[in-house]
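Letters A, B, C and D mark the chains as written, and numbering starts fresh at 1 in each.
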Amino acid sequence: MIKIGIVGGTGYTGVELLRILATHPQAQLTAITSRKEDGLPVAEMYPSLRGRVDLAFCSPDKAKLTECDVVFFATPHGVAMAQAPELLAAGVKVIDLAADFRLQDVAQFEKWYGIPHSCTEILKEAVYGLPELNREAIKSARVIGNPGCYPTTMQLGFAPLLKAGIVDAANLIADCKSGVSGAGRKAEIGFLFSESSDSFKAYGVSGHRHTPETVEQLQHISADKVGLMFTPHLVPMIRGMHSTLYARLTAEISNEALQSLFEDAYKDEPFVDVMPFGSHPETRSTRGSNMLRLALHRPAGSNTVVVLVVQDNLVKGSSGQAVQCMNIMFGLDETTGLMHVPVMP
Amino acid sequence: MIKIGIVGGTGYTGVELLRILATHPQAQLTAITSRKEDGLPVAEMYPSLRGRVDLAFCSPDKAKLTECDVVFFATPHGVAMAQAPELLAAGVKVIDLAADFRLQDVAQFEKWYGIPHSCTEILKEAVYGLPELNREAIKSARVIGNPGCYPTTMQLGFAPLLKAGIVDAANLIADCKSGVSGAGRKAEIGFLFSESSDSFKAYGVSGHRHTPETVEQLQHISADKVGLMFTPHLVPMIRGMHSTLYARLTAEISNEALQSLFEDAYKDEPFVDVMPFGSHPETRSTRGSNMLRLALHRPAGSNTVVVLVVQDNLVKGSSGQAVQCMNIMFGLDETTGLMHVPVMP
Amino acid sequence: MIKIGIVGGTGYTGVELLRILATHPQAQLTAITSRKEDGLPVAEMYPSLRGRVDLAFCSPDKAKLTECDVVFFATPHGVAMAQAPELLAAGVKVIDLAADFRLQDVAQFEKWYGIPHSCTEILKEAVYGLPELNREAIKSARVIGNPGCYPTTMQLGFAPLLKAGIVDAANLIADCKSGVSGAGRKAEIGFLFSESSDSFKAYGVSGHRHTPETVEQLQHISADKVGLMFTPHLVPMIRGMHSTLYARLTAEISNEALQSLFEDAYKDEPFVDVMPFGSHPETRSTRGSNMLRLALHRPAGSNTVVVLVVQDNLVKGSSGQAVQCMNIMFGLDETTGLMHVPVMP
Amino acid sequence: MIKIGIVGGTGYTGVELLRILATHPQAQLTAITSRKEDGLPVAEMYPSLRGRVDLAFCSPDKAKLTECDVVFFATPHGVAMAQAPELLAAGVKVIDLAADFRLQDVAQFEKWYGIPHSCTEILKEAVYGLPELNREAIKSARVIGNPGCYPTTMQLGFAPLLKAGIVDAANLIADCKSGVSGAGRKAEIGFLFSESSDSFKAYGVSGHRHTPETVEQLQHISADKVGLMFTPHLVPMIRGMHSTLYARLTAEISNEALQSLFEDAYKDEPFVDVMPFGSHPETRSTRGSNMLRLALHRPAGSNTVVVLVVQDNLVKGSSGQAVQCMNIMFGLDETTGLMHVPVMP
């Protein structure tokens, strides 16, 4: 059994870790910290966990995190890097669901997150936790920077095209749409039901933190310089993310060959589903599961390929992917505890 | 392994059976019938099942249902009773998710469902599939009438009060609210997103089919004559059911004693959660799971007890309960394949 | 033109007043106060008002409220009673959308609202602003306590029955459901989209502030002692309120006579629509309008009458009703500026 | 008073015409046809209109449409062109909310709509009813092809850029999102609440009817050949449309100059609101109103301009625009009856 600590278990990525780990056959939930909720049984805050999770929140200073095998940080940016050195020194692996270990370019990190990076030495060994593109490195990692939700869809959608070198890498467009849970469990007026229901809007169009992360990773697999226009939108739904990706083809290629490119790229991937050419994946087809589904289109007469990508932003887009990384790091079957069938309708 | 047939797998209770049975360790999905969709892979209609359910729909005449161990009917009323005799003769157990085997009072059945009952002999041996109130009979049943969604909440909410004989049984009120999936997967204008979203209404206030079923069952456990005013409402949510039950106390009883009454009644039940007195259960705390949660209130100074009951109408209110019955009928642990943690948020 | 001041224009009842008054032919918006947003153009906070409302928020100390003809308080409880004396002294009429002037029973006010009442002299002359039951008093009022949203539906639904003396007044039950905007525009986690969407729950079941207000008013029209069990619920919709009212009949009366009772009671009311007996009103049929609709049911064989009442909680349930009162107080046609056709779908 | 006929009043564009015209001071609703609902009072189908619209549906053969001044067709494609000749001959003006008179290119019409065009002579004189780009022609038109909802946003968003000749016209991208009411009031499973709520998807990505219409119109104002990649998506909201438009700049231009370009283009337009540069318009800021709002962005370091456009798809995207055309055709102030303040929240 893997002894597991969770720092910051009161937000949505935290409770989603709990949902997944509560039925993970190798997971032993050992400590869940919350500064504010010290002593409160987790199931009092989240009645959905009544009878399934018996732990109480524990203030960080009392939690014996160094006795865990792995600690997940489901915290705001900046927390993981403050605590990682001590944990690593004690032999504990670290998986950060925030951004502290995602960007190797420290200047970019500091520009977009507005805080200095306090452990750049550890950052250097940190591994970007996207198994489909980075599995080998994850196996031996001590520190994982778990990908952002949007970046997961953009990378898995663009990667086969960039690897094949058949698109204009400098002019990628990603028009992305996220359910409201992506904003976290924070008391902000903009995310009230009465503000975000029955409406739709873009946000962060002039610049968003997930752009540098995505570009840094995509650059690793593209021979050409990557340029990305990323536009996030807020959808009045709880979970779900839909990315509509546009790439201009620079080579002659048939639709069949495009489809094969993606099917080959992901044929052994348990959590990537390449749907038939011309499909329209719905976010709900992934609800509550770790699946990411994608489908290709080429509108008639055009030289642009459109990739439609869907996932549950809290699972493959966050906590599920983190557990997938944990499985890999501990030598388990990668799908252990992650085979939830999507909840539909 | 239990060989399983599903008649009418294209509706919501059908696809929910598939979701549950796809990860049930003792279930072997053997046949799924649909008159219209013969030959269509199930996962094409329901992409959420891609990679998880490999069966195709099969027209009823070709499906080898008599080779199954159990057949679920996720069909409109009237179908199960037409096919049950042949299946039972072949030694196959039958679980009907519709109403054919719920009401022992044939006259009531025919009045409310508008069709004659074609196999009243089999009806006599049919068992009402509410495990918490009827477990022993389910163990040896060959035919199960799976309870309606509303009746499940009303019975489990009123039962301890009626058994104890401490309420005015003749004047029970159940003000119930259901998510839209309860209306099924039928192309009707009233259930379009644009018609039922961002709105709320009652329906069937002057009379609803679930009243006679509930009264018939509650009468078994009440010494006094049961009278029930049942008012269903439609909530703009997909899944979830919330019943607000009112019963006037006829005896002096403390709130603590009331609470104990319920806790004792359900202390060994894996799927009934008696929350602390005064709680307000939310439907989402059961989403995708077989849990039913309830909580008691007694507004200050009143002699009325209010029972709040929530469940997922497609799980404990339908397909999950049917699988719970199957587990009992086949001697399995009752929770087998049913321990989904609710999906929250 | 009526010069109008609004104190606390940043919440939902405030912006709804603005929406209504922006097209009211006799209204001259003169001052809108907000302590926090001094100087901010109203239309920057609410882009829906761009080009329609040119005012900026103004801090309370700078606003020349005493130069207005009427001041609306769209504020938390306690604000209106602090400022009313000065305004009244200056000849300004006051309409409070909060609770300061609703309850004549000061002890009840202080019990339920947890603050002392600071101007009980003014309270004595305050008029409860429910035009359908209190029109004459409103005409000459200087101070209006605008009814709560739930109480409006409960009073208009129960009043004809109580006036006729044909129901058991001591055992009324009101099972009420409200859209989330009723909770106001406050940054609270419980009203986030991800918390309140796709779910349903009751709240305040053990006791809610709207009970004493409703009982106090209903008692005026009932010869018998009024007892009310009121259970509020939260519906995942923005606007709309649905009350399901239960009253036991104590007299023989036909359904036709019941229907006539209501039709007669409201035959001259422009904002109360008595629908045909047995109808199921939907909240959306009132969206954005000042209409309240109701319909009667008597489930077969029962002696209980069920009244279904719907309204838009922000209009007839709050700001629209306040403007209706203003029209009456200033001798205008009662429907002036209030004839919005409901937005459907 | 203008005598008005509506053919096909049972769908969403029909009932929205009724909502708008019910308070239009110059409109006299004269006839509403429905083959199926002959004799049914409109307000029985749409209780939101109780007390506001007294007409009953009338079968097409009985309706005296030739006595009207103008007839709106809120019907499926193909109906208007069948009836227009007789109406025009009788001196009645025709406004078609469907596609019969939108496309001058008959071959394109027949390709995309799958029916032959039966009155190409009338088509030649038909005017495309987008007032902001085509006002003069509308003034004297006898037949209006009212624009599609998506095309309205795409044209008003791209037009200033194309007129100025500063973008790569051949590679425009429009990533558009619509509320579900855009699909109409048809009993189709895909638009059930349980299917389209809490989910998001694209549709028609490989080709959609609104592309040729938009290209044909944009070509009139672009010196360069127009090429458009249009991707529609379905948002779980009732009303509202959000288009995210991408155009690559081919000339040096400052953000200030871009903003001025749009402000100048629309400075006299009552229904187009150019928001400050960098704004994120929300669809709800237009709910129930005829306003279209847009805002410009240029993500840092890029040569791509992003135009965000929102409208209510049933108002400016359909019925409101049709009434705007009617006002122009009959010499009324263009805003008559169209000054609804958006309903927010």
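Convention: a contact is a pair of C-beta atoms (placed from the backbone, for glycine too) under 8 Å apart; a residue touches a chain by one contact, two chains touch by 3 or more.
Quantities reported herein were computed from a predicted structural model and do not represent experimental measurements.
K.L.:
Could you tell me which chains are in contact with chain C and with chain D alike?
P.N.:
Expected: A, B.
K.L.:
Select, from A-B and A-C, the pair of chains that is joined by more C-beta pairs in contact.
P.N.:
More C-beta contacts join the chains of A-B.
K.L.:
If every chain is reduced to the average of its C-alpha atoms, which one ends up farthest from chain B?
P.N.:
D
K.L.:
Taking the mean of the CA coordinates per chain, how far is chain B from chain C in Å?
P.N.:
Here the centre of chain C sits 39 Å away from the centre of chain B.
K.L.:
For chain A versus chain C, what separation do you get between their C-alpha means, in angstrom?
P.N.:
From the centre of chain A to the centre of chain C is 45 Å.
K.L.:
Just the number, please: Cα centre separation of chain A and chain B in whole Å.
P.N.:
36
K.L.:
Would you mind listing the residues of chain A that make contact with two or more other chains?
P.N.:
Residues 12, 179, 181, 185, 194-195, 197-198, 236-239, 281-282, 284, 287, 345 of chain A each touch two or more of the other chains.
K.L.:
Can you name the residues of chain B that touch chain C in the complex?
P.N.:
Interface residues on the chain B side: 171, 173, 175, 177, 179, 194-195, 197-203, 205-207, 227, 229-231, 233, 235-240, 242, 244, 246, 248, 278, 280-284, 287, 297-300, 302, 304, 306, 308, 310, 345.
K.L.:
Can you name the residues of chain B that touch chain A in the complex?
P.N.:
Residues of chain B touching chain A: 12, 15, 19, 22-23, 46-52, 181, 185, 197-198, 238-239, 273, 275, 279, 281-282, 284-289, 291, 293, 314, 339-345.
K.L.:
Once bound in the complex, which stretches of chain D touch chain B?
P.N.:
Counting only chain D, the residues touching chain B are 12, 179-181, 183, 185-189, 191-198, 236-238.
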